[in-house]
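This report refers to the structure that appears directly beneath it.
Think of it as A, B, C and D in the order they're written, each chain with its own count starting at 1.
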């Protein structure tokens, strides 16, 4: 077996007496499509924050491919191929999507400190950015300021920004959060159409979506892994139905 | 404006290029800066000091308007520049252009040194730290009166003729020509910088500080760089004032100067290259006129001006005007 | 006999309490409502002028003038809140700065026009100006009063804002205005009241401060920096934080001037810079 | 390019000459004062003195109408003061520059006076060197050494053998400290300690405690006027220093009318050196104070008399030159002028163009229930000792 794309071992974090992550071990094989589910407050976003370095773990290690990235800052993790999106839009409201994605591309290409040449002269970077936007069906709206885009488009831009870093592993925190069901399908179709080399972990509440797109599901409860398995195994798991699926139906 | 351009842009590259193109109104603006020579030759000293204030405001705009770093201590660099130019001149080297460069270099060096601290903080703490450094420096300059002349100001500054040809005359003719030229050159620099990949990264920092590391951006390094550049530019403005007026005093470092600068920039509209220039022109002309008619109560009218601008034109004069223009175009 | 250090500590603490009284209103408006009110010291100045007028011209007792100073500043602030401030609650910080600086300019000119540019010394009865001897040290009566009032206000504010319905409403209104409206909270009124409270406290602070720092139209600018220092070091939204910050700053300033006068002018700023680098959100800051 | 520049300069110069020619029958005075900001009251009082003089003596002298153009320098701001002076000369074509509450502004404007050869009257700025910056400048206020060195000498003669000095750490404070030291030591006194205090300083208790620890016979202080003297007096009272026992001495602003009101009875016994107080006993001053009160509803102070005498000097000089406002002619006329001022006899030193006047040593006393400065000694016709020392 080849090395997993992303691996965590014994990852733990608590705020005072509140344990938000308890001894979490996850292994994402290359090209995986994993879903992370669990009730509100289970620690899903916290786990992403730990993996991407926005929170420092109290204990445990994180590996990206062969590298131990536990002590790297978020930026260094991004440079090595670990990107994320945010549950709440974390975009650049005053920039157009083209500018925002070009910015991310420039950062990756290491030309963001160039201060004398006009941005427009960096044709390759701009074309790459436009290409990403096209793939995410944002090409037509890429000249409007981000704050004027419809919400659903902004969710796609979240993903576009992450893709501009050319990640090996992409962590999607509820990519369709707040999007009406008829539009969320579009977002996941886009996600599903991403390259097979890209390793994906996404948080999602809608079980239909999860079962349709995930190859593997991890259930997080109270900051710890409750169980994990294929969609079939999870849907058959009596405990999951009780603690999570059961309550969701009504909630 | 952007949407109008977008429909005609043939490619993303052409679109981005069009954003950076010189617009007719910009060219008109710079041509208009030459008018004082012909129309109001008796106001050239004021025009020179407005150009200097405009340059100073432009330097603040680079960090505040573009990178989102609110500073209440930017006068520190202005003062460093002014004192450097003044002290060099006092000890026998009054050549203006080399003095200007030395001042910019020293202000930039101090800016670079402090930027390591500045880049670590945000929000109120950042504002207060810039304020604190500014106040500490002002106190230091006061206590080092053997070097700075203390409250009485630095005495014995003499600026040599510009290029060995132009005497700094009583009418401010040379002073305005000199200040305007330096302003224009540095404006071009700032304009290029804003339209470069680095400028885009700065706007990214302003628009969303949290997202930047998630797209792999070294925000702190960017902030250090722009803070250094802005410091050097502020130092240049200070040196210009010292050279053209042959005076330097503690007020060049004061909190009041930092605060007044902020007012000018916000009045004109932060985050727009011309915001600081427009703000400096309006604020200083208004003050000159108001204080000419009511030397004791001009504060009142300046206050009314500020309140009126905020209520009628949010985001500064340029911001408010562009909002109105956009709304008008939509209907 | 107490060693002189106690005298220095006492003076420093009292000076801190003076800073606290001047700043606590800002701690309420900036901390709770997130509104940058640089005209804070204008309201303090108003309180000062009201006090001077009542005490010097109409012969009111000093303590009777204090509540009027509070009310005058609070009422004036409501007028401003209704007409100007409320339009800018959701505006950018920079617009708030511009508006309130503008109001400060206007207030300075108005004060110069109405009260002239001269210093307005407060004429207090002799018993407020003396000092009490205790174990060989002199404790100034006025400073004791400052400390007493500061402690009372801290207790009152903490009780009111953290343990009453009013406090809960304000916090709800600031945290999530839409939800607060949904819950039937009159958000406009809550904001207006908070603003009036903050400005009233400024008026009271001004009234108490002028005996020590004097009063002329430049008051509105001169003490702004101190107010910002106290509030930022204390931490936004924390009355207790402002209290602690003011005490630390006051004591270190006075002790510094006594023991190392060469550093006298630098000390308050050095302490501020040091504390903020250590705790950027302030001593008791949450955000 | 050079030709264009020269041409434009000539053009501007021509337009300026045309301006003054058009104003044949008027003499314009450009008045630069800090009308706004922290020093606004100083400006108000100087300007009041000027207004009163014009009211009493009319606005015509030697057949010329006097026109005043007022400019606000807005606090300590030399670049602005210099620009205003330039503009007054080039744009408004003034003949005389006057005002100047603050030394840094006066020094900056002096360059313009020297370059444009304009008569300049310093009505307040008190640092000794100010008048050396332009050969066309005279001063009608006082100099810091004139008062404080005199005070130092007097103190030792009156039996104060050791003293502690407390000055604000800025130009005038440091000048006053060295002037007092000089007078005090030369007369045989001993300085037992000194402290320089922060400029922004609302609370003096720590500094006063330091002085008290040393228990000197005298304390010399120099702090800016305005809010600080009151605060200082309170610190004295609170720390239990009684000016009736420990001699507290200083320059006149620490016991001006407002400071005394702020300090209350603790001020009794404080000793100051000054050249003017509204309580000065002379017929001329009584009339002056009365007229001043009638006009402005407050008492004049030393700022007012600086403005008043400044106007007198301008009038007297113009009368002597028969209305010729040329800088050199006017300054020559001003040299050696003597007159009786509300402050007492006054003269302009022909060598230094600085003011020569009586220095009064005053003690704060309660007279008819009111705190006033009572003159206890007069040192007549004091010249600025700083310039006297420079010559040696």
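Everything that follows uses one rule, which is that a residue touches a chain if its C-beta (ideal position, glycine included) is under 8 Å from a C-beta of that chain, and two chains touch if they have at least 3 such contacts.
Quick caveat, the model's predicted, so the values are computed rather than measured.
Chemist: Looking at the contacts, which chains touch chain C and chain D alike?
Modeler: A chain counts here if it touches both chain C and chain D, which gives B.
Chemist: Identify the chain pair with more contacting C-beta pairs: A-B or B-C.
Modeler: A-B
Chemist: Can you name the chain that lies farthest from chain D, using the mean of each chain's Cα atoms as its centre?
Modeler: A
Chemist: Could you say which chain's mean Cα position falls nearest to the mean Cα position of the entire protein shown?
Modeler: Chain nearest the overall C-alpha centroid, as shown: B.
Chemist: If you average the CA atoms of chain A and of chain B, how many Å lie between those two points?
Modeler: 41
Chemist: So what's the Cα centroid distance for chain A and chain D, whole Å?
Modeler: The computed centroid separation for chain A versus chain D comes out at 72 Å.
Chemist: When the C-alpha atoms of chain B and chain C are each averaged to a single point, how far apart are the two points in Å?
Modeler: Spacing between the chain centres: roughly 33 Å.
Chemist: Please compute the C-alpha centroid of chain A, do the same for chain C, then give the distance between them in whole Å.
Modeler: Going by mean C-alpha positions, chain A sits 47 Å from chain C.
Chemist: Which parts of chain D, given as residue numbers and ranges, touch two or more other chains?
Modeler: Within chain D, the residues that touch at least two other chains are 36, 40, 43-44, 169, 198-199.
Chemist: Where in chain A do residues touch at least two different other chains?
Modeler: Not one residue of chain A touches more than one other chain, so the list is empty.
Chemist: Going through chain B residue by residue, note those that touch at least 2 other chains and give them in order.
Modeler: Those would be 139, 142-143, 256, 296, 298-299.
Chemist: With touch defined as at the top, which chains are paired up in contact here?
Modeler: Pairwise, the chains that meet the contact rule are A-B, B-C, B-D, C-D.
Chemist: Quick one: which bits of chain C touch chain B in the complex? Just the residue numbers, please.
Modeler: Chain C reaches chain B through residues 84, 87-88, 91-95, 97-99, 101-110, 112-113, 117, 221, 225, 228-229, 232-233, 236, 265-266, 269-270, 272-273, 276-277, 280-282.
Chemist: Looking at the complex, which residues from chain B come into contact with chain A?
Modeler: Per the stated touch rule, the residues are 2-3, 5-6, 9, 12-17, 19-20, 192-193, 195-201, 203-204, 206-208, 210-211, 213-218, 221-222, 225.
Chemist: Contact residues on chain B for chain D in the complex?
Modeler: 37, 41-43, 45-46, 49, 139, 142-143, 145, 150-153, 155, 165-166, 169-174, 177, 241, 245-252, 256, 291-292, 295-296, 298-299
Chemist: Under the definition above, what is the set of chain B residues touching chain C in their complex?
Modeler: Against chain C, the touching part of chain B is residues 70, 117, 121-125, 127-129, 131-133, 135-136, 139-140, 142-143, 255-256, 259, 262-263, 266-267, 270, 296-300, 302-307, 309-311, 314-316.
Chemist: Within their complex, state which residues of chain D touch chain C.
Modeler: Residues in contact with chain C: 36-38, 40-41, 43-44, 169, 195-203, 205-207, 209-210, 213, 226-228, 230-231, 234, 237-240, 258-259, 261-262, 264-266, 298.
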